[in-house]
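Chain nomenclature is as follows: A, B, C and D, assigned in order of appearance, with residue numbering initiated at 1 for each chain independently.
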């Protein structure tokens, strides 16, 4: 809307393409960006495979420069066309956009900083910006609402888990000890986490009868308390998905929601018409 | 019903046997087909065991030809008796029926294509056609409705998982690196999937303290977020299973919903007609 | 009650002690039986440990004979005091009682049948008979109702799992093949089950890139579809735990349960008094 | 309140600082205590790592004495300032406070009792006392209510699990036997627990076809019945989180429950008094 007055300028047009998904050009831009991001991630991954690096290392480095250049141009255009450049630069995505470009330039001057290139994987996060494209976002919203609502309970749960693995890990360190691979308390706690979460790598296993008995206890604990986060999230999600209310309008004040068996509007006291289809309202209420 | 006018012809009778399960002959046909499909699957599996192949390879090959012949005859009869042969041939099951037969014939002419025989396992899918026999299908329906309703949320969840394992995998590659078995980013992502899903093969395990700390984080993440698909599906299934509401209208006040065994309208007191099919409604309600 | 007329006879008294838990003597009998069963299980287990068998084998064998004798006496008393001995002998628990005794006697005459002694573990099941003692049974009932209600859906789910592991297993056999440990289709299906259920022993692991990609798919499938049985059971259990109905009695016919907002009894059509505490009933209904 | 009359004395001031979190000094004390507890846990853990112990063993021992002294002073102050010292000393936290100090002193006189130092990990539990600081406690309450409500069902479930692993373990012992690592029934039961809980270490794996078939059954059982504790806890948590129902009575018809923002009774149309504390009720309702 602010862009109206200068809607003919190049800058405004770039702004529309880059920041607004509703126009065909904006959509095309977002889709291209998604493709380039994913391609650049693929290049980073392929380059980490020894045989591929040996055979196509130079090609991949070349491609990487193409992507970096594209991202750099995109970044400059974003800064240029943004209505409040400073806000963009220091926003979450603004920072990620810089981090997606910088490593390549730094590695140019300090060849030893090759490892820095890994940071490019952070480009992955840019994918989420493009996601405004899809209708899935409203679904993600339900999940986020439920996650936010369960946050406190999840923290309490994680605190309980932390205590459990500390105590179990220390006990295993005492019982099994260094000869059986439980060389220190932190390592034994690591084992307790591996076991409680039912991952069970098998790189450390109890060998004494007492250790195996305690391990059984850890496993059954882990198996049973998975119910806790699941229960929390399920209950919260069911809440988030509950339809907001019943629709029966008051003839006088037009308040739209009333209890199923209400005979009078509870805002203005006017008589309500009988519920037309008690069954249906009951249906939606029982959610 | 369309088959009425030519109900005396052989073709119509075959059609009834093959396509309609309601007649005794149709039932018998479907059960025989189920047995043959399962037997042919068993033969394919047994033949893949070295010792069995060495001892009974010829027998199994013979049996396989018997099954292939039976399936070929069945296929021809289906095409012949179908009311719209073209529709059948290009339908999902029509194509699977061909794929169930072809490999054997191709392997006859190109002996090197032995491996193609594996495709026969696709016969497994044919079992599902025969399932129309059982009353379990209405139950599968509940599950499918719930799965379809949760599809979008599951996609969002899988996208989140993908991001998580990419980031975790790359971090592990940087932390542990090739000396500890994390030889490339894709392989490290594979490890992250193995760990996040709490499978934990143990073929790759972190050996540094920092790696084990990050691994602990991956495991606890995986352990906690299993709550997400479970919560989604549980909430949707609860929705899908809600009784649709019984429809029995009061002749005087037209209230549409009544308890199953109600004899009088509980709004105006008028007598209700008896419930038409109490058993069925009770059945569906108690689910 | 049938026992009234001969309530002074020894037989009736034994019957009361063995079959009725409500008397102090009956309780004492059941508790002793529980202790003896658990002790005999402990003996069987300890005897299977090599070092224990070497050191205390004779003692344990002696103890075993004490338990067997006790169980034999108990069995004879049950048959003697039972009101319908034949019914008892061929009942579920009657058969288990015999199986708990027989192996010892058979092993006496055929010393080679030592392995038969394992059957004694079936005594474990006898524990459940004694459980009538505890108030937990009504809770088990909720679980059983929910399990029974979800039976059909669970069968459909298991059928889907079976298809999945067959297809995944066969694909892994084709991709990885015997050199990497996937020596036959059944063994590959075993691997697929190990992986899909997120157990992940690690005795067979994919080594090719394609195999690891497919394995990732198997793991994520397994991780996501655990939601299905959980969702089914949770929904059914919530149903089973729902209070049967509201208590508002009809003044004429005394039918005790009515819809919350009912004004007339739906059995006899008499006018109902208004719900005394709509809030409370609503509360309990919405469970 | 009892402390009023002697509110100027040192003892009362210490009491306020130590036992009451509402004052700034009390908060500061609790936060410092939390930091010291966590630091002392860190020292215990670091000291268990061989390389760290070799390099900084003396420093850590020194730090440990500092912490022990602090805890000892704190304990004495607690006893001194407590209104009923005896009650405190024999309370749960009072005992833990002693156990957190004693080992160091005992190890001073009996140097062989080094291992006793492990008991210091029990200090971990002291963290929970400090948690009264945070608002998370009301959330933990929901979880505890749900856990308490599901206790009986969980016990029934664990009893079922115990029977399952005993029977499965014994069968595996018979099928696989000592040559394949299933050396005794208890060890085989341990394997059954590892497998049923989907941990799957892989230190013991079935090698015969029959053993792998039974193992598949164990795994699928474990995979499916995780639904049981999850279902139980989810259903109970949903119950615990249900808003208690708002109590606001209609002055004319005495209907006890109304919507939060209702101004008129929806049964008789009489005006209601305004809701006394809309904010709080809304808050608790939206949970």
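Annotations for the structure displayed:
Rule of thumb we're sticking to: a residue touches a chain if its C-beta (ideal position, glycine included) is under 8 Å from a C-beta of that chain, and two chains touch if they have at least 3 such contacts.
The chain lineup, named per UniProt: A, B, C, D = Potassium channel.
For clarity, every value in this text was computed on a predicted model and none was experimentally measured.
Two copies of one chain, chain A (Potassium channel) and chain B (Potassium channel), form a contact in which under half of the residue numbers belong to both partners. When the interfaces A-D and B-D are ranked by C-beta pairs in contact, the top one is A-D.
Set against the Cα centre of chain D (Potassium channel), the chain with the most distant centre is B. Chain centres here are Cα means. That of chain B (Potassium channel) falls 41 Å from that of chain D (Potassium channel). In terms of their C-alpha centroids, the spacing between chain A (Potassium channel) and chain D (Potassium channel) amounts to 28 Å. Across the assembly, chain C (Potassium channel) contributes 157, 186, 198-202, 222, 226, 230, 232, 234, 238, 278, 286 as residues in contact with two or more other chains. The touching residues of chain A (Potassium channel), counted against chain D (Potassium channel) in their complex, run 149, 152-153, 155-157, 159, 163, 166-167, 170, 173-174, 178, 183-186, 189, 195, 198-202, 205, 209, 212-213, 215-216, 219-220, 222-224, 226-228, 230-232, 234-235, 238-239, 258-259, 261-272. On the side of chain B (Potassium channel), the complex with chain C (Potassium channel) involves touching residues 41, 44-45, 48-50, 115, 118, 121-122, 124-125, 127-128, 131, 135-136, 139-140, 142-143, 146, 154, 157-158, 161, 186-187, 190, 193-194, 196-203, 222, 226, 229-230, 232-234, 236-238, 241, 258-259, 261-272, 286-287. Residues of chain C (Potassium channel) touching chain A (Potassium channel) in their complex: 198-202, 230, 234, 260-261, 278, 286.
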